[in-house]
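Next come two complexes built around chain A: one with chain B, the other with chain C.
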Partner chain A sequence: MGILPDEIKPAMQGVIPSHVVTCSRDGAPNATSISQVYYVDPDHVALSHQFFNKTVRNVRENPRAVVWVISPETFDAWDLEVEYDHSETSGPVFEAMDMQIEAIASIVGMKGIFKLRAADIYRVISVTKNVDERIPLPDIDEPAGRR
Partner chain B sequence: MIPDRVVELLHGPAFMQVGTRDAHLRPAHAWVIGAVVHADRQTVTFFVPESRSARVLSDLQDNGRVALGLGLASHEAYQLKGTYVSSRPTGAEDIALQETYRTEWLAAALQAGYPDEIARPLIRGFAYRPGVAVTFRVKEIFLQTPGPGAGNKMA
Partner chain C sequence: MTAEGADSPGLREQIARNQQTIDRLNRDLERKSDQVRIIQQISSEITSTLDLDQVLEIVLRATERVLGFQHSMILLKDLAEDTLRLFASRGYDPTGVGAEVAFGEGVIGVVAERKRMMRVGSLGAGIAYITSIRARLEAAGEVAPAGAAAKLPGLPKAQSQLALPLLVKDRLVGVLAVESPKPNAFDELDEILLRIVGNQAATAIDNARTYQMVEKLSRLKRFFSPQLAELILTGGADDPLKTHRREVTVAFLDLRGFTAFAETSEPEEVMGVLREYHADMGKLILEHEGTLERFTGDGMMIFFNDPVPVPNPAERAVRMALAMRDRVAALLGRWRKRGYELDLGVGIAQGYATIGAIGFEGRWDYGAIGTVTNLAARLCGEAKPGQILIALRVAGEVEDLIEAEEVGPLALKGLAKPVPAFNVVRLKGRV
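After this line comes the complex of A and B, so read on.
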């Protein structure tokens, strides 16, 4: 039995972008959105390494990161504390991510710009479901009260 | 000085998130519901829900380092980095601004092609009050739109 619950899987299908925050060795946080967090197994997720960007550089200096994901079915959201483990440039995880990135690139008009260099694999340290941070679905358009 | 386009997005329907870190360089995240650029064009106040503010405020009081990411469904994106100035509970004026922001954000998501059954519960489902207004001074601005210029410092 791993850390990631089954109910989190829809949040990792790339329907709604996720957020990732990392921190450099000299203490500068970095906040960005990513198209998809990939479910690898109950204890690991993968993030796409497409550009040698700040997120990629940061986790090679300081492996800790936080990832926020949300389900497009229930709109439940989770915070994941993760730690960068290794990168894969071939194999089933890389191939699956590569296909999905190609598909996303076609949909959003980024074909030729989105290109997977590596699947960065992260170990999941903790998962916390957001509680009291989402307005219940029946109440989202109510004009009054705590929101 | 924050460029016009970034001001426009901060005041408009960009999705936003804030990143901080603690004394052990462990990062933290909160989503942001609305922001205001001050007249000096170097200071920004953004709003986070109180329910998600404890860790962010603790980090900011510890070391003051702020990263504010913002972007559109088109993938146009920017990031502002700076130093914490102050925080306070949101008031009626802030909440009115947040209401407008939520409405514009939903309209933009629908216009970008997100189906209503996803965009509406996603965007209108973010709890935002009670909230906390966090003010920081912007030191650096980076382009984050995917492509050859991603990561370039703009200011």
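After this line comes the complex of A and C, so read on.
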């Protein structure tokens, strides 16, 4: 029994951008939005490594990160505590991500320029459905004076 | 917070959510078993026909009715190149049948290239994301601007696509794709179901296509050499049965004295002579890569440079005619001993002709129409026993090659002015 619930899958299709927060070795935080967090299995997610950016550099120094994903169907938001595990440049996960990137890149004439260098695999440590951070919807059941 | 008990909003919410999950799972299960049952029906339907259009129709109807996908298409791999062509679609207007997708282009092209299924739920977001990065790179001068977007068949604003390679023993037959304007329209269950349909479809489509090819091949083999028929079928040559216009060299030949011979001889003797003559001429036609357009008794029409363009068609025609004359001379020795007075006459002309299938359903012939065929036929008619008469255009092409004598100008039926003509004596350098 893995840690990721089935209902999180729609949030990992790239419909709504996700966010990832990392920290450098000396503690400088970095938050960035990314196009998609990929579901690997109930205990792992993958992030695409296309350009050498701060996220890629930070997790190699300091593997802990927090990822925030949103379901486009329910607007539920989840916080995932993750830990960078390893990087893959072949195999089914890499290929699935690479295919998708290549397909979309070819549509906008960026084939070959926009390439997947690696699939960075993260182990999921915890999942929190973050009801409070949900995009606000009218909530008539909200008890008065709850805060 | 235990005091709140079962009335706790958190707990109520949790119970409601659990119920939702159970409902969803039940719905999924129902959908799945329903679909598996119907898919079994399709499998018997799909294998009951060898008609490609019908097979494609059954597959698309099934993806709509059974799986509920409203926009679906089947692209088949070109037999010669790494390209896909749209063969059938459902839920599109206009259909766009015939549209091409190169391997590696878009979701469908990449699926064909990698031979792996792909499910994308956020095409719009993905495109917007890469476009914005592109703009940044362009601004920084890191990529060249432009790079035209590929024009692909399908919904103009598809958000979700699920594309499945149709494989028969790891050989790509085509791609079955469904799409939706809604994001995240397809899930893992859809993948499983589409794969079931697709596995059956791949084999059925492959069989239907093979059958179609065998039929077409047998039709083509009536007109063309087996090698050429194969070439046409695999797309290495255009389908010559489609009407087209091209410059060709046309050779007509017949046997002088044949009519008289046929009148005074037994039919068995006539057939015996024709058989020998056809067999030997046929070999020489193939050797010189000529196309035999037709036989009529002792007459034959052969052309060069179609359906497959050849270098120096005039030279080939003349060389073939000379070889035929030599061959007939050998046959003549035997024929004369039996008292047959026969000899070969040939006419060769070059020019534009309209070429294609002529006839009606069930009896198609491959034919060329144009002044060039008329001219060649008339020259053949004028040729004395053993003569090879060539038109001016042909003579110009082979003048360095042959010794010829002028015999014209000849007044020919169907031609307004007398035309110059030359008799080919021999190849230069031969005695």
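The criterion applied here is as follows: the second predicted complex is superposed on the first by the 123 of 147 C-alpha atoms of A that agree within 3 Å, B and C clash if a C-alpha of one lies under 4 Å from a C-alpha of the other, contacts with A are read in each partner's own complex, and residues count from 1 in each chain.
Keep this in mind: a residue touches a chain if its C-beta (ideal position, glycine included) is under 8 Å from a C-beta of that chain, and two chains touch if they have at least 3 such contacts.
Just so we're clear, the structure is a prediction, and the values are computed from it rather than from any experiment.
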- Name the contact category of A:114: first (chain B only), second (chain C only), both, or neither. both
- Query: In this superposed model, does chain C or chain B come into contact with more residues of chain A?
  - Reply: B
- Query: So, does A:13 touch the first partner chain B, the second partner chain C, both, or neither?
  - Reply: second
- Message: After the superposition on A, what does A:72 contact: first (chain B), second (chain C), both or neither?
- Response: both
- Item | Touched partner set for A:36, first chain B, second chain C, both or neither | second
- Using the superposition on chain A described above, determine whether A:23 touches chain B (first), chain C (second), both, or neither. first
- Is A:100 in contact with chain B, with chain C, with both, or with neither (first, second, both, neither)? second
- Using the superposition described at the top, list the residues of chain A that contact chain B and also contact chain C. 15-17, 72, 108, 110, 113-114, 141
- Task: Could you please specify the touching residues of chain B with respect to chain A in the complex?
- Result: 15, 17-21, 25-29, 31, 49, 51-52, 63, 65-69, 71, 74-75, 77, 79, 81, 118, 120-122, 124-130, 142, 144, 146-147, 150-151
- Note on the structure: As the complex stands, chain A meets chain C at residues 7, 9-10, 13-17, 35-36, 72-73, 95-96, 99-100, 102-111, 113-114, 141, 143
- In the complex, chain C residues that touch chain A: 9, 21, 104-107, 109-111, 114, 116, 118, 120-123, 125-127, 129-131, 133-134, 137, 143, 146-150, 152, 159, 183-184, 187-188
- What part of chain A is in contact with chain B in the complex they form? 15-17, 19, 21-23, 25, 27-33, 50-51, 53-54, 62, 64-66, 68, 70, 72, 75, 79, 81, 108, 110, 113-114, 130, 132-135, 137, 140-141, 146-147
